[in-house]
Amino acid sequence: NDNKNKVVVDENSAIIKIFRGFQGELDAKHDKHERLVKISRDVTIDSKRTIFLLHRHRDGSDREGNDEILNDAKDKIKEIQNIRFLAMAEELEGEDPYQFMRAISPGMQEYIEAISFYYYLKHGQLISLNEIQKDLVFSKTGEDEQNKILTLNVPPIEYLLGLADLTGELMRLTINSVGAGNLETPYKICEFLQIVYDAFNSYGNTLKDLNRKMGTLRQSLRKVENACYTLHVRGSEIPKHMFADVFMTSGDDKYAEDVE
Amino acid sequence: MDVSDTLTATFTELQGYLQAEQQLREDIRFAVRDIEQTTREIQKVLQAIHQPQGLTKIALVCENSRKLFKDVQDQIKILSDKIPANQYYKYHDHWKFAIQRLAFLAALVIFLETEQLIDRQTAADIIGVKVSKEDGFHVDLDDYLMGLLQLASELSRLAVNAVIAGDYARPLQISSFLGELESGFRLLNLKNDALRKRFDALKYDVKKVEEVVYDLSIRGLKPSTET
Amino acid sequence: MDVSDTLTATFTELQGYLQAEQQLREDIRFAVRDIEQTTREIQKVLQAIHQPQGLTKIALVCENSRKLFKDVQDQIKILSDKIPANQYYKYHDHWKFAIQRLAFLAALVIFLETEQLIDRQTAADIIGVKVSKEDGFHVDLDDYLMGLLQLASELSRLAVNAVIAGDYARPLQISSFLGELESGFRLLNLKNDALRKRFDALKYDVKKVEEVVYDLSIRGLKPSTET
Amino acid sequence: MDVSDTLTATFTELQGYLQAEQQLREDIRFAVRDIEQTTREIQKVLQAIHQPQGLTKIALVCENSRKLFKDVQDQIKILSDKIPANQYYKYHDHWKFAIQRLAFLAALVIFLETEQLIDRQTAADIIGVKVSKEDGFHVDLDDYLMGLLQLASELSRLAVNAVIAGDYARPLQISSFLGELESGFRLLNLKNDALRKRFDALKYDVKKVEEVVYDLSIRGLKPSTET
Amino acid sequence: MDVSDTLTATFTELQGYLQAEQQLREDIRFAVRDIEQTTREIQKVLQAIHQPQGLTKIALVCENSRKLFKDVQDQIKILSDKIPANQYYKYHDHWKFAIQRLAFLAALVIFLETEQLIDRQTAADIIGVKVSKEDGFHVDLDDYLMGLLQLASELSRLAVNAVIAGDYARPLQISSFLGELESGFRLLNLKNDALRKRFDALKYDVKKVEEVVYDLSIRGLKPSTET
Amino acid sequence: NDNKNKVVVDENSAIIKIFRGFQGELDAKHDKHERLVKISRDVTIDSKRTIFLLHRHRDGSDREGNDEILNDAKDKIKEIQNIRFLAMAEELEGEDPYQFMRAISPGMQEYIEAISFYYYLKHGQLISLNEIQKDLVFSKTGEDEQNKILTLNVPPIEYLLGLADLTGELMRLTINSVGAGNLETPYKICEFLQIVYDAFNSYGNTLKDLNRKMGTLRQSLRKVENACYTLHVRGSEIPKHMFADVFMTSGDDKYAEDVE
Amino acid sequence: MDVSDTLTATFTELQGYLQAEQQLREDIRFAVRDIEQTTREIQKVLQAIHQPQGLTKIALVCENSRKLFKDVQDQIKILSDKIPANQYYKYHDHWKFAIQRLAFLAALVIFLETEQLIDRQTAADIIGVKVSKEDGFHVDLDDYLMGLLQLASELSRLAVNAVIAGDYARPLQISSFLGELESGFRLLNLKNDALRKRFDALKYDVKKVEEVVYDLSIRGLKPSTET
Amino acid sequence: MDVSDTLTATFTELQGYLQAEQQLREDIRFAVRDIEQTTREIQKVLQAIHQPQGLTKIALVCENSRKLFKDVQDQIKILSDKIPANQYYKYHDHWKFAIQRLAFLAALVIFLETEQLIDRQTAADIIGVKVSKEDGFHVDLDDYLMGLLQLASELSRLAVNAVIAGDYARPLQISSFLGELESGFRLLNLKNDALRKRFDALKYDVKKVEEVVYDLSIRGLKPSTET
């Protein structure tokens, strides 16, 4: 490669000398960017798969498959952390992480979506930023045999954007739950989404990316509300004597009062 | 040179005008940001009506909103003091959406309290502006109408959530109100594209509430008190 | 029913407002159309300068334009009488382009007559409007600046056509004028997107005229009287 | 309720974070605005080189620009003090265009003074930033390169105006400089869309200067001292 | 000059033509605006059928609409008198939406009165136009079909509201009517984009009514008189 | 086809009966539209070819090929008239021509562009609307053996839009002429375009389609002015003794005065 | 001259290629239009299943569709004969929607006849194309999947109409089929935007049918024969 | 269950197809990137012809480019091996611009070596592809033509630089070549928007070179050896 260039480039030129230096620097940056995009894409794919897997979970039912699904998902998440994110942290060691945010952001958001979805199914709660961050601190043995701590920083904004996407998955979970005759989950999710929606609304226009996702969030909320509504008006029709039969999976009879 | 000096003087003067205007826009932006902040707080308070126990706490919710509207009135005062006479419409785009949102929220409070449509005077009073252009900082007619159309969407959502909360009368009341509102809008010859588009959404909102009432009817859940 | 009647009354009243506004817009549209018609006539008169014999008839061309500007002043009067106080900027979009074009044409006349930049007062006088917002129907600062930028494009075209007509001094004069104009605009912190975009075109116009002067220079056609 | 309370607490904390960031962006905007103002002034000073007598006053013009660059250095200090460690690229978009423009102007000064390409260290020193990101507020390599590409356009214009001013050596000097610059850029694997697009413009600038040299060559005006 | 004079004469003549046409368009716009106003009033009258007692007052509602249609006929006359022979389609875009809406409203009246599909002759008579283009100002087949598709949407809404009002036979009648209408449309090779797109909405309307009938069936509310 | 439908469609239904009628009417209209689109497309292709052919003309030079080119073009134009436009006129007999204007307009405009380009090269003049119209009146022997007159109406607006396109071709002619060393044509065209430009400008915004073409028209004019300018400054350099030599094709020495 | 002749020959040959391609596109457009015509007829025939007596005539309906599919096969043959080897994807956009629609209709026929999912081979056979790209004119995988998703919507509508027609077993059968189909699609890692978007609609189709089954079960109408 | 198992098997298989395709796109992207890298190097080598001594080293420059073209051939082989039969056009957009660029560079080499237009066969051989679609991975006709148009721009620049370098014969040779090329393109009935647009640029390239020839001829610099 160098030989080829020598044919035409005057290597004594001051400008050429200067540019030779830039060449390496630019290539290094681009290559790092490329590698990060690649890792990020892998994270996205793995996270999407985890979410797909989790949608086989049937919340509220005591299906024996549920535990297994959660365990599988947990394994996948651990794998993302220990392979993908470790590699990412190594690439970013000593860098201003925001320089490569465009490369890593898609994967990170999808991962936050996946882990928070997992966490919600497991604990019925929102995972905190701290908890997410905790999993992305790695200890690594350096060349000097000393242990070094590598931290992959999760910016709060990425956390918020990941949560915005989570609401879409919760909406799908609701639709699936209604189909499965699960009566509790939709109401729980509905309340959850209402709080998220109000919170995001109260942030106003501070975040452009978030704004873009607000429309989807609102739609998801309306869909969940409509699902609860459907459950409610349909539930009202159940003849009393059939009640136990139809809702045997749900130990909750708070809906009985609605039955005429 | 002569020409050059005059020209520089002229443009230096013009730069002064531009800078003053730019500063004014900056000030307006800040004032509007404060208004929007309070607006979001009012909205958050009112969102409670969609929650399971929300409809039982309407009086409290409305009272709390009205307190925040007092803050809005002060903030509007700060904003309107900045706007030179004759220039309301020069900067209208800056606060148009905020005023629409406030008109909507005021209309929602009035509906919850009285089941009536807010009139322009009441809306203006609650927000802290004038009704008519001639009197200064006012609520533009188009913005008031936009607020009403936003109310329709909110109420169609409320109809759904009321049923979830077991309140079967509310959808009927909303359906009848939206029907009236739709008739009202049909009288208007809307030229404003945004309004016209939003009016199409109103038709959808009306239909949505009719379907809620339908769902109640066919299952015998419709309260019979209504004639 | 009560609700229904009030609501109908309210909306009937609102429809009155909307209709009045719509009628006003219609009236404005017609008034502006007349202004545009005269503007086009002025432009047509001034286009003559690009023709082979055009530059020899500058005095006549300017005189004829100024006669038509008298008509513009009357038409502007008719328009401005229709605009209620405080609402200039509500309808600004209707006449903004016409005023920009008129500012440009007035600036062209002044340049042809005096080789000077038109100032705002002169532009306002020729068009028949006020300079300052406070005094009523005025030429908005942005529109005046737009007019100047349109002048730059016209002059860059004139530089080319002057050479075709064998007038080699004119490009030098234009080049120097546009250089000054560019310096002036560089002093301004343009926020207005349209203006900023048009300013980029000015840089291109300046460069174009420089290339004309270059073509003359390298061929020894540049008049030596210039220092 | 438990879930609800946790959620609300979380979101309130995040809101604080968002508000702080928004405030910082606001501060940055103001700091950058000041820098841009001085940048425009430097540019205005340097425009003088395109005027008929401009090339005879290069020393003075450069001196005046360097004085203004001192102000820039102070303003850059104010800006950089606001940026937390390792967040340069978080807010990079705010000042990127200003730094590119400053890099261009610094490069122009150096070219006029020395006929050499400015190196990054010199550019950084003149602007008042660091060269390498490890040292803090620096000039990004892409932005420095963008500045060089803007220089190319300015020099292609200068080649034209030099001929007008009767300086026939300058175009040759510029042509040779741009040729080397183009070769330099060809060594780079440009991925960045903006840089690559701007690089296409460089090719046009090179061609333009080649045509000026051609015009001189064919008329026997090319100074023979060139090798 | 010869060429120049001929050219100018030609373009002046064409300008006269363009101006006349523009005036005609203006006149059409006004005439259509009046028609639209009456159309809105008819629509408002017919909206009553969706109200709780609406279906009991069908005769009255239809009678009132027909009175307003008389006004439409006069307004159509005014419009059609303006249109030169063989230029209906030149200006068709101006009134096409109004005619579609009128065709829809006429079809709704006929359906309410007779449970039958309006034929083109009847539609033309009610609106006050001709059926065939040879006879002058007519209802274009596409516009008539568009009206029918709008009818389908209206009837699907009516099916819902009929159930609310306790009328369980009406949805069956509508379902059967829409089914036939859909079959009818399937016979047509629709090329026209707008019609085809609207036809997709018809499928949705049919489905909606099928679901209403389904709701009645499964609850044993379906009147058995239906075959 | 009819048999197939009978399987499922209730032919006794009143609605079906009504729609059977519409079917024929719609199909007839669509078919006519399709046929007109086809004719219009053929007119466009033929007209474009004529324009291409005409660009081989070298105006101002006495090239022997010029007459031949004009004759060929004339033949092509006659063919368009007598085959394509006659067919179009037959299709439109008794119709409101504006109903199918969208179908025929592209071809008509391209034809106007072609014939006016031809006319300009031949006569150095603008062809009038009347002249264009005259060629589109056909006499046809009807079934009753009576001669019938068929007129294909050319709306003034189509005429204007065709002229707007003509300016683009004239610009190309200028560029070609400069290349060919033809010095007269560019100035003539420049004046021509200035008049057209001023006229169109004075029409204002009355015509949407025209507005769309104004940008191109302005560009064409600027290009022609620049071409004249280039000719002029370059012409100024010709050493006096070479003059006759270089411009032997142009018998016009009105440019001599510009030579320093 | 030599160069000139070769060049002309070369370009004349190239012109031949370009014209042939243009002609080919024209031919494809016509061939596809014929296919679309027959497709619409098949669809018309299959619509019968939604009518009250429709489900009793399934065998006849399927037989009639299959007859029309024979025509499709001939028309596909005409089309595919036109497409040169290796160029399927060059013109894919022309027939993609038609093939999707045909895949859907074939899948519907197979479902009605066998209650099974159509496999790609069967779909290809019915339509008259190949399964695999390597063998020539084939059904693209994405298009086949699109056809299946269209089937889901059709079946959800059929479930509703089956209940109206008193067939309570069909919804169960459809519900189970759609459940399987959804599981199948879940296995796919869909990238394609159009497919993924359409897949979201599948969930609603599934939900709709599940609601029908729910309605049947709480009323004791669910046939017990189902496993 | 039976249905379920088949269905799962089917979809698992389909998932395999989808994943393979996704992987293929990834592979193509990488292969094309390598080709682009070598293409840029060839271009860098060929740029030397514009330098003062460039035209004296043509043989060497061409030789060096041809060496790099060998690498291209290998890289094209790697790419084309990945593309399944019949799917060239499915992925055409990925490599279209690279092939156009290579066609241009090959044409430049051939022109420098032989002063002839490259024919498709030669271009295909140099790049390492087939000429005809039927034979597999080929150079699409449109892409080949695009390459020729890029050649025209490069040669017009070369004509200018040849004069600077004192080579007065080269512009004549280029002028004649471009004239032929233009005549060739005139024979084509271009539909393709991108090609036609690029073709318009060709005329300006031709004109530019003609002006160079004109400059040479009026100064008696035109070599007489030209026929």
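Just so it is clear, A, B, C, D, E, F, G and H label the chains in written order, and each chain counts residues from 1 on its own.
The criterion applied here is as follows: contacts are C-beta pairs under 8 Å (C-beta built on N, C-alpha and C of every residue); 3 or more make two chains touch, one makes a residue touch a chain.
Computed from a predicted model, the values in this text were never measured in an experiment.
Participant: Count of steps on the shortest touching-chain route from chain C to chain F?
Facilitator: Between chain C and chain F, the shortest chain-hopping route counts 1.
Participant: Where does the C-F interface recur among A-G, A-B or A-D, taking recurrence as more than half of the contact pairs being identical by residue number?
Facilitator: A-B
Participant: With chain centres defined as mean CA positions, report which chain is farthest from chain F.
Facilitator: Measuring from the centre of chain F, the most distant chain centre belongs to A.
Participant: Using only the C-alpha atoms, find the rotation that maps chain B onto chain C and quote its angle between 0 and 180 degrees, to the nearest 5.
Facilitator: 180
Participant: Looking only at C-beta pairs that count as contacts, which pair of chains has more of them, A-D or A-G?
Facilitator: Per the contact counts, A-D leads.
Participant: Counting residue numbers used by both copies over all numbers at the interface, does the chain D-chain H contact come out same (over half shared) or different (under half)?
Facilitator: Different: fewer than half of the residue numbers at the chain D-chain H interface appear in both copies.
Participant: Using mean CA coordinates as chain centres, what's the gap between chain F and chain H in Å?
Facilitator: Chain F and chain H have C-alpha centres separated by 35 Å.
Participant: Can you compute the centre-to-centre distance for chain A and chain F, using the mean CA position of each chain? Integer Å is fine.
Facilitator: About 60 Å separates the centre of chain A from that of chain F.
Participant: For chain B versus chain G, what separation do you get between their C-alpha means, in angstrom?
Facilitator: One centre to the other, that is 48 Å.
Participant: Quick one: report the Å distance separating chain C from chain D, using the average Cα coordinate of each chain.
Facilitator: Each chain reduced to its C-alpha mean, chain C and chain D end up 34 Å apart.
Participant: Could you check chain H for residues that touch two or more other chains and list them?
Facilitator: Residue numbers touching two or more other chains: 44, 47, 189, 215.
Participant: Mark out which residues of chain A touch at least two other chains, giving numbers and ranges.
Facilitator: Those would be 5, 8-9, 191, 202, 237.
Participant: Which positions of chain D touch chain H when the two form their complex?
Facilitator: Against chain H, chain D makes touches at 179, 182-183, 186-187, 189, 207, 210-211, 213-214, 217-218.
Participant: Over in the complex, which chain F residues touch chain E? Could you list them?
Facilitator: These residues of chain F touch chain E: 5, 8-10, 13-16, 18-20, 22-23, 25-27, 29-30, 33, 94, 96-99, 101, 124-126, 128-129, 156-157, 159-160, 188, 191-192, 195-196, 199-200, 202-203, 206-207.
Participant: Any idea which chain F residues touch chain C in the complex?
Facilitator: 187, 190-191, 194, 197-198, 201-202, 204-205, 222, 225-226, 228-229, 232-233, 236-237, 257-258, 260
Participant: Given the complex with chain H, which residues does chain F contribute to the contact?
Facilitator: Its residues touching chain H are 45, 48-49, 52, 55-56, 172, 175-176, 178-179, 181, 230, 234, 237-239, 242, 246.
Participant: Chain B touches which residues of chain E in the complex?
Facilitator: 33, 36-37, 40, 43-44, 47, 50-52, 157, 160-161, 163-164, 166, 212, 215-216, 219, 221
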